[in-house]
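Naming follows writing order (A, B, C and D), and every chain is counted from residue 1.
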Amino acid sequence: MAKLTLDALSEKYARRLAGNVSRRSVISRLGALLVAAPLMPVLPVARSEAEEPSEFTRNAQTQDPKKCSYWRYCGIGGVLCTCCGGGVHTCPAGTTPSPTSWVGTCVNPDDSKSYLIAYRDCCGALACRTKCECEATDRDTPSYRPQSDNGIVWCLGLSTMAYHCSTAVLLGSAE
Amino acid sequence: MAKLTLDALSEKYARRLAGNVSRRSVISRLGALLVAAPLMPVLPVARSEAEEPSEFTRNAQTQDPKKCSYWRYCGIGGVLCTCCGGGVHTCPAGTTPSPTSWVGTCVNPDDSKSYLIAYRDCCGALACRTKCECEATDRDTPSYRPQSDNGIVWCLGLSTMAYHCSTAVLLGSAE
Amino acid sequence: MNHYRSRQTQQVTRRRGAWFCVTAVFAAAIAAAATPAAPPPEVSDVAVLPPSNTHRVWLVELYSGQMQVVDGDSGDLLGSVYSSSLSNFASGRSTNRIYVAESVWSKGNRGTRQDMVTVYDGTTLKLLTEIPLPGRVYMAPLTHNFAVSANGARGYVYNMQPAASVIVTDLATNRVLRSVDIPGCALAFPWGDNGFSSLCGNGSLATVSLESPHPAIKRSEVFFDAENDPVFDESPSNRSTGRTFFISYSGVVHPAVLGATPALEAPWSLQQAAGLQPASVQNGTLAWRPGGRLPFAVHGPSGRLYVLMHAGEPWSHKKEGTELWVADSKERRIVRRMTLPTAVTAIAVSQDAQPLLYLVDVKETLTILDAMTLEEKKKVEQVRGVVPYVPDL
Amino acid sequence: MNHYRSRQTQQVTRRRGAWFCVTAVFAAAIAAAATPAAPPPEVSDVAVLPPSNTHRVWLVELYSGQMQVVDGDSGDLLGSVYSSSLSNFASGRSTNRIYVAESVWSKGNRGTRQDMVTVYDGTTLKLLTEIPLPGRVYMAPLTHNFAVSANGARGYVYNMQPAASVIVTDLATNRVLRSVDIPGCALAFPWGDNGFSSLCGNGSLATVSLESPHPAIKRSEVFFDAENDPVFDESPSNRSTGRTFFISYSGVVHPAVLGATPALEAPWSLQQAAGLQPASVQNGTLAWRPGGRLPFAVHGPSGRLYVLMHAGEPWSHKKEGTELWVADSKERRIVRRMTLPTAVTAIAVSQDAQPLLYLVDVKETLTILDAMTLEEKKKVEQVRGVVPYVPDL
């Protein structure tokens, strides 16, 4: 398979892109990119400016990163590395961070501000055996919008493809 | 691994051997065979001629070969092929009978007579996923007596080693 | 959790020489004890599957691999087909062949990657051949990651590395024919014998006809809002008729007949068809919405559409169904709503005149219903992480 | 049953060119919105294990593979090591290396068989190398199918194809040194740095010293009744001291100190040590008997022997323990009997002065007890089909 080396690049640009636009808009624009031509404009369904918080955001907490409700996990899907010998941004020993990641925007309930989070898989051993399995499907899109589909194994390009767990790396403020 | 082709031979001789000796004695003699030299005589613990039936024998039935208590399964260990698309002596489609088998002596409760049963594994796909898992450990010995150890995978020598399920082939009367 | 169990088999000796020794010692005594009245010994044999019928169902383990062929009437397991993890299964015509698109590493979690379509005989379940592939998408399996044409002659393998393409294989000669780029699109919904359509990230459909040696891609107009209300990957489709229902996360049904020129019909709302308001895509709005692993099944002859529904907010499309809705897709009307005692993750329906509906629930039980009356006909417990497929669909 | 789950990651674009296009469009707006007060972005990194201590425990999945390194004090998972199914794990000295004896087929269930010892660094858990093997017994894993010498310099791989042998590997140079035939025997119980003993089918012990280039096998007298009351494969042994308790299915303890000349001591009965009658080997006789997957653990410094016991008839040696018996092996006396609220399949004990006892039960919970007081210290649920090992034993 093609070796993916867009890692630093993609996070960097995604961060800049997402700096003052909503995560939804980023997805929309990146999604459109994948379609070479013609770029048919898709009119989003009308919605208010100040959108209601999602179910995840309403229930988020900042104390326990071993729980699915930890605020950074608004877009995570899989097993939490915090339960597997890793940390919020640390892969467990013997595994390798995936070469690519998706950037989500999560609200920290302590300051009600939005932050950019890179979801990065750790690849290597079999799936980590733990109770800490989470699936936050906020804006998890189908496979034809792979940039936000949580079903694809993105350990591609590494010497091992086996998925082990997922981290949520804080990139910075989204406001 | 060495290709095992002793199949027909082993069953044939085992049957003849077991024709008028108890299963225990057969095990003893075959076990002793594995020790090249010196053949130290092992004195069995004294026991009465008419031994009590084992727990398995006391609870055996002849109606449902999809249950662990079916009379032929007195020495079986693993998943019943009867639950996996096979039969009492039939491997499921796509699997291959193991080249070797162990011969046990089971009592049919309908006539209270002893019969010789060859336990033959079917190899090929992954372990059959079913509820029908049985482990009859009557005279299941440690690995240093492999002739009656139910832990060894005897799919050796086949193009695939994966264990799928176990059959219980009726060889004939043991009396 | 692991169902591998040790088992009792036996290698009876190590050396032929030793056997002859034993034979010599005991032969006389044994010969005397022969019982002439004994029944002839049974012989080990290998089953073949009974002739296929319309009530056959496949139970596919999406993650760990292996597929079980089950008889829908009895609930009996007829046989199993191995696969590596994250594999896709597809059937030839009338299930005469079973195809597995799989990715295997030569040392388990490491080594050389090998992508292939592995071909099994549909009756003996014997491995016939392997068709090496130049790639394959590696993901939680979706039905339309791998599909076979209606006549069983071609296989379509969705690939993403990360450019999107469909690898077309010839299933008569067991080789790769060509790879067709489908930029910005994904999956392969076959229609008839000579083409497939793919769903695209801008809300359109890409259609590839394979009649010509250089297949062209035709793109439809944008017909759904891929950003705010995408249609399910697992939208149900029939390879023979091309009849497809692209169904969105909020419950909008976009009917289509796939073909060289796909016919896209006017959309309708599942909720409106039940006399309710259409579901909103606004955060925080509760509504009945479709969801699950395989939330849809269509009975072609009657046009009945079965949908797993749950009460949820937007983006709850993976939540299991707590109600089963039955729609008359021609009249666009919900004709039945049934509460599910245990939440259901995946459904399938047979295509005959006495159809069976297969439901797998979160407690890993397969329940088989009469698809017309919704009466329970059979329950199979501990089916363990599978989804049901009706082959040859 | 399968714990693989899909997950959310992202490849953000397909083409660099496309990115630059996006950048051009949005760069100005984004630059203006930069927040100088934002915290510096975190960096993805990889953990290493904390320094090993005496309360480290391995949870090994016997059938599906993979081992978890767990901290016995907190119950926390520290890291995982991959293996193929039916693999054996062993540790180097002080767990500086983790060795996996495994058999892998190049296409999952088919293809070329590859037997190897895979070597992992004990701190980074990185794969260091693979030592190809000429064979390896393929069976439900037993502790002494694969063992490492006390100084960590040699690995012993039990092989049966079907002739029995032990493959001796040099773990400094990562190569096979030799294969030693052990006809009629099985397993490798290492003692010290230069030898191992094996259990034999006639009830004796075979001992192999590796000092000479042509190792000779010394056989002990027959010391147990291998036909009617065999000793457990999982009889507990310490590779450094050679102290071993061969324990029979009926509960007879045969103490031994393994070495170039093994010292076999007089046997004693667990039941007698508890003031009961010795268990009979006659069918139908009920008694307390040892049983389970790993029914024994020995705390070397104190000589305490922990045994899983159940009420059963002969040949019930795989039944889980409903009582835990604690024996003083020096005084040959049961000092404690504790009822187990959930039946336990496997135990292990740490070797320090404040020892921990690890129990895995049929509900797949790991319970950690103070091995002296038997007070519960920790519970870890859903450990899923594992057995506990204390490494470097």
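The rule is short, and it goes like this: a contact is a pair of C-beta atoms (placed from the backbone, for glycine too) under 8 Å apart; a residue touches a chain by one contact, two chains touch by 3 or more.
Treat the numbers as computed from the prediction; the structure is a model and nothing was measured.
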Spell out the chains that contact subunit A while also contacting subunit D.
C
Reaching subunit B from subunit A through chains that touch each other, fewest steps:
2
Need the CA-centroid distance for the pair subunit C / subunit D, whole Å please.
39
Measure off the straight-line distance from the CA centroid of subunit B to the CA centroid of subunit D, and report it in whole Å.
28
Taking the mean of the CA coordinates per chain, how far is subunit B from subunit C in Å?
37
Which residues of subunit B are in contact with two or more other chains?
4, 34, 124-126, 135, 140, 146, 149, 151-153, 162
Do you know which subunit C residues sit against two or more other chains?
4, 6, 11, 14, 61, 64-65, 82, 109-110, 127, 139-140, 162, 384
Check the chains against each other and report every pair that touches.
A-C, A-D, B-C, B-D, C-D
The answer for subunit C against subunit B in the complex is residues 3-14, 16, 18-19, 22-23, 26-27, 29-30, 32-35, 37-49, 61, 64-66, 68-69, 76-82, 120, 123-127, 381-384
In the complex, subunit B residues that touch subunit C
4, 6, 9-11, 13-17, 19-21, 29-30, 33-34, 75-79, 83-98, 100-104, 118-122, 124-131, 133, 135-136, 140, 146-154, 162-164, 166-167, 169-173, 175
Please name which positions on subunit A make contact with subunit C in the complex.
1-2, 4, 24, 27-28, 31-32, 34-36, 38-40, 42-45, 47-48, 51-55, 124-126, 135, 137-146, 149, 151-153, 156, 159-162
Under the stated contact criterion, what part of subunit D meets subunit C in this complex?
1-2, 4-6, 11, 14, 61-65, 82, 84-85, 104, 106-111, 114, 127, 139-140, 162-163, 364, 384-385
How about subunit C: which of its residues touch subunit A in the complex?
86, 103, 105, 109-110, 113, 135, 137-140, 142, 145, 160-162, 164, 183-187, 198-204, 219, 221-222, 225-233, 281-285, 313-318
